[in-house]
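Below, chain A partners chain B and then partners chain C, in two separate complexes.
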Partner chain A sequence: MNNKIYKISPGFEKIMPKDYRDLVNDGPFDKKLGVKDLGTFKELIEEHPLCAGCGLALSKRLILASLPSPENTVIVGTTGCSSLSFAQVAIHNIHSIFGNQNALATGLKRALEIRFPDKTKDVVAMGGDGAIGDIGLGMVMHSWFRGEKFTTIMFDNEAYANTGGQESGMSQKGAVLNMAPTGKKYDKLPLPEIARAAGCVYSAVVTPARPKRLEKMVRRAVLLARELGPTYIQIYCPCPTNYKFKPSESLKRTKDMEKSGAYQIKEYISPAAEELIKKFEEEK
Partner chain B sequence: MYFAAKVDKEKCNGCKLCILSCPEPNVIKFNKDDKKVVIDAKRCKNCELCVVGCPSKAIEIVLLQDS
Partner chain C sequence: MADKAIQQKIVEPEELFFKAKREKQFITGSEAVKESIKRANVDMAISYPITPQSESMHLVGDIYAQGYVKDYYRGENELGVMSAVAGASMGGVRVFTATGGQGALRAFEMFPTWAGARLPIVCAFFCRGLNSPLTIQPDTIEIGLLLDTGMLVLHAETAQDLYDMILKSFIIAEEPDVHLPVAVFADGFFVTHTREIVEIAPEDIKLPPYNPYKAPVPVMDMETPPVRQMRDPFVMKSNYVSYACHASWQQEVRAAAERARKHINKYLGGLLETGNEDAEILIMASGTAVSQSRAAIIRAEAEGLKVGLVKLKSLRPFPKDEIKALAKGKKAVIVPEFNITGWLAREIKSVVEDNSKVIGAPRVYGGMTMPPKLILEEIRRCSK
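Let's turn to the complex of A and B:
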């Protein structure tokens, strides 16, 4: 994005909303800011309607602060709790019908390469565990098989949260939810391993209790997708509303999940990706 | 009238951990001059994640009166 696009035309400064002016004057565009700078700049997301203590909301804040080139990124979202906080995001983003994010992102990435052959445009598909792991899984996996060069990020709250609490393939075995009262009968899908087998050059799992690790993974995933092929990040997003714990316990629950092994932080890196990571992390 | 988080400047050591545990954007701001944080009560959802995460116990939830 050319920064003329978001700068305010002379004479219009006063009539633009304060939040917009703050974004132009104090936002992260072209400044190479990161997670460690949060609290010192106007963020790329504004007040949203997600529940108090929502782990998805925290993860989204952290992801947006981690993008290596937000001004040249297009996000493809999809139905679910995360979609309720996209109108508030100051990066180009497109909503897709539930589960279609990876199909739409495929066409978008290819079109951007044709339209802007000399520019780098990052495409990031984001969705819930229901959208990525269940309903859209066919489209997700085929984008990986085809080697499409964009990143897929899952907000894994281990439920269909937006529709009142059904189990998803990503729910843990035994999970009890409003609409799964007798408990889920089968294991959580091994999606990070499936991603690796299906052609992702990078597949990682993290939680918002580790903001710096999350940032590193998002940067790696986006930069690798530019050069090599599909990348996948899965983020555990504690949902106090559907799992019925106090909002203040979201991060404690996340740490407990890590400790018990129910949610394991991991990173699968292909040999080619390993080499590239060395290169760009040395350059930095 | 509503509840929101408030920072006790005396106790805050500027570690910024609260900023990284708040799900709400643009709420907790770091003041570069005194190296402490301030919370915009109007944007706070009273989840208490910053309260439980603060190592200095510098944040509490207070009752605000509409002005």
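Let's turn to the complex of A and C:
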């Protein structure tokens, strides 16, 4: 990354808002910080408009703190709740249309490889369960089949939350939601298994109730995508607004979901990825 | 990425377009596309073989294999391709793709998105009819649907036009005061699948590379300021400021298209071309309807009827002042079209002073060729 990208031009220090000055003075670029350092540096996400108790907001905060090199990462987002909290993120990020994030990330990653042959530029595609599991699934799976070297992260709130809480393919069977007035008739899509079968060298499921685990998975996914091929992480993001529970109960609900088995932590690692992980983690 | 790269000398656009000695080749429109891309210094091309398809994008694949293009692949569907070229363009490389007919409509959502994101993508459209009933035949109905996406819209008459327009479109699209996608339309089959003599520049020269740091919007590479866009995204707000921001952004996209006029004039010699424009009756057309009109005019002249011809090359920006001036004092303006909707007649009617003299005929559609006789009949009718 070119430092000029966020440094303030001389004479303008007082004009820039405090949060921006903080980013320049105490931001995480080139510092190799992580989840354990939260609270000691200026985070990459500024105040955002997501609901109180939003599991997506917490997950996004953790993901941004976990990126191995935020100074050389570009994020491709898509329509949904997550897109409302991208303008405040201090990493180049793109919003195009609903569900096309993996196709767009393909072009972006390849373009950055052409332009920066001697630098590593990480691309991370992020979207909700509607974008990744439903409307964009074809483009998501084809980026995996093609072996594109970037990470896909799903914020799984088990509904179309931004449009008022409609059923998605990732909703649990039986869930009563808008457009599923008598309950969802079929099972939650087995995306982690589909990812594994479609060529992801690493496919993991986690929740924001386990920040350290989440960090480890994000780092693994991004580093493996650089070297080997596509990686996928699915994060359970409790939605108090649409699933009608108290915002203060989000973490409790997450833990309950884990305990009941409704949401299981998983990690599928290909043999080649396993070998590389050993190498990374030994070097560390 | 390509394993090998071909050595070509970078020359100024003027050299490649106007000064370099051209060689005559008897080739199809699809081959003209290939020859154009060979010299365009394209970084990435992405293809999809939807029906309808021409050979053009797999011929671009062939020149990728030869080392003329740095990266190329077959995408999963039209929307995926149009999304991927957007991502590549946002990443700062020069990209090309092509589509047509149903394929273009499948990917429609991306075209206004390209323009709004100020991406200088060049996309060729090889016009075909639209379902239903199922068709793959030539028909220009899609142009009318794609006129107002914010892209610049050019319409080629011949394979020569296609070669020149695609090559020149990269330079026009990338001008910092334009920086918009360019859609180059050509009539499917009539231009893509037929052979004609095309004059082309030597293959050992190419355009200068795209410089993304001249773009009016930041390239998404974490090397370009600003790193944070805004604290309050407009999409969240129902207030005057957010509406005004979106409105002014749209105005700027349209203004950028208007600013392309001077570059189109410089490189394409004008938004339109005229012949015998002093005649009382004018034919105004674009694409292969121009060729059919030429044939009709030869026959009309044999009958002693004088007819002028206006070939529209640029539809966006639309040469409204030029058309208004040309139509002034004329007895009739005949607009032959290869579609049922008559979008060109509608466009022309919207700018001439007395639009009752605009004759939206003949129109053929469903894949038929346009017999010059039909145009001649209109000329005769108007001459009475």
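Rule of thumb we're sticking to: the second predicted complex is superposed on the first by the 282 of 284 C-alpha atoms of A that agree within 3 Å, B and C clash if a C-alpha of one lies under 4 Å from a C-alpha of the other, contacts with A are read in each partner's own complex, and residues count from 1 in each chain.
One rule holds in what follows: a residue touches a chain if its C-beta (ideal position, glycine included) is under 8 Å from a C-beta of that chain, and two chains touch if they have at least 3 such contacts.
Remember, predicted model here, so these are calculated numbers, not experimental data.
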A:L38 contacts which: chain B (first), chain C (second), both, neither?
first
Can you tell me whether chain B or chain C touches more residues on chain A?
C
Touch test for A:A103: chain B only (first), chain C only (second), both, or neither?
second
Between chain B and chain C, whom does A:K252 touch in the aligned arrangement: first, second, both, or neither?
first
With the two complexes superposed on chain A, say which partner A:E46 touches: chain B (first), chain C (second), both, or neither.
both
Quick one: is A:L84 in contact with chain B, with chain C, with both, or with neither? Answer first, second, both or neither.
second
Once the shared chain is lined up, is A:P211 touching chain B (first), chain C (second), both, or neither of them?
first
Applying the document's definition of touch, where does A:A197 land relative to chain B and chain C: first, second, both, or neither?
neither
Have a look at where A:C54 lands relative to chain B and chain C in the superposition and call it first, second, both or neither.
first
Dual-contact residues of chain A, meaning touching chain B and chain C, are 46-47
Enumerate the contact residues on chain A facing chain B in the complex.
35-36, 38-40, 42-43, 45-48, 50, 52-55, 57-58, 61-62, 211, 246-252
Where on chain C is chain A touching in the complex?
1, 43-44, 46, 70-71, 73, 75-77, 79-81, 83-93, 95, 109-110, 113, 117, 212, 218, 220-233, 235-236
The answer for chain B against chain A in the complex is residues 16, 19-26, 28-30, 32, 37, 43, 45-49, 51-53
Residue numbers on chain A that touch chain C, as the complex places them
1-2, 4-6, 17, 19-20, 23, 46-47, 49, 71-74, 76, 83-84, 86-94, 96-97, 100, 103-116, 121, 138-139, 142, 146
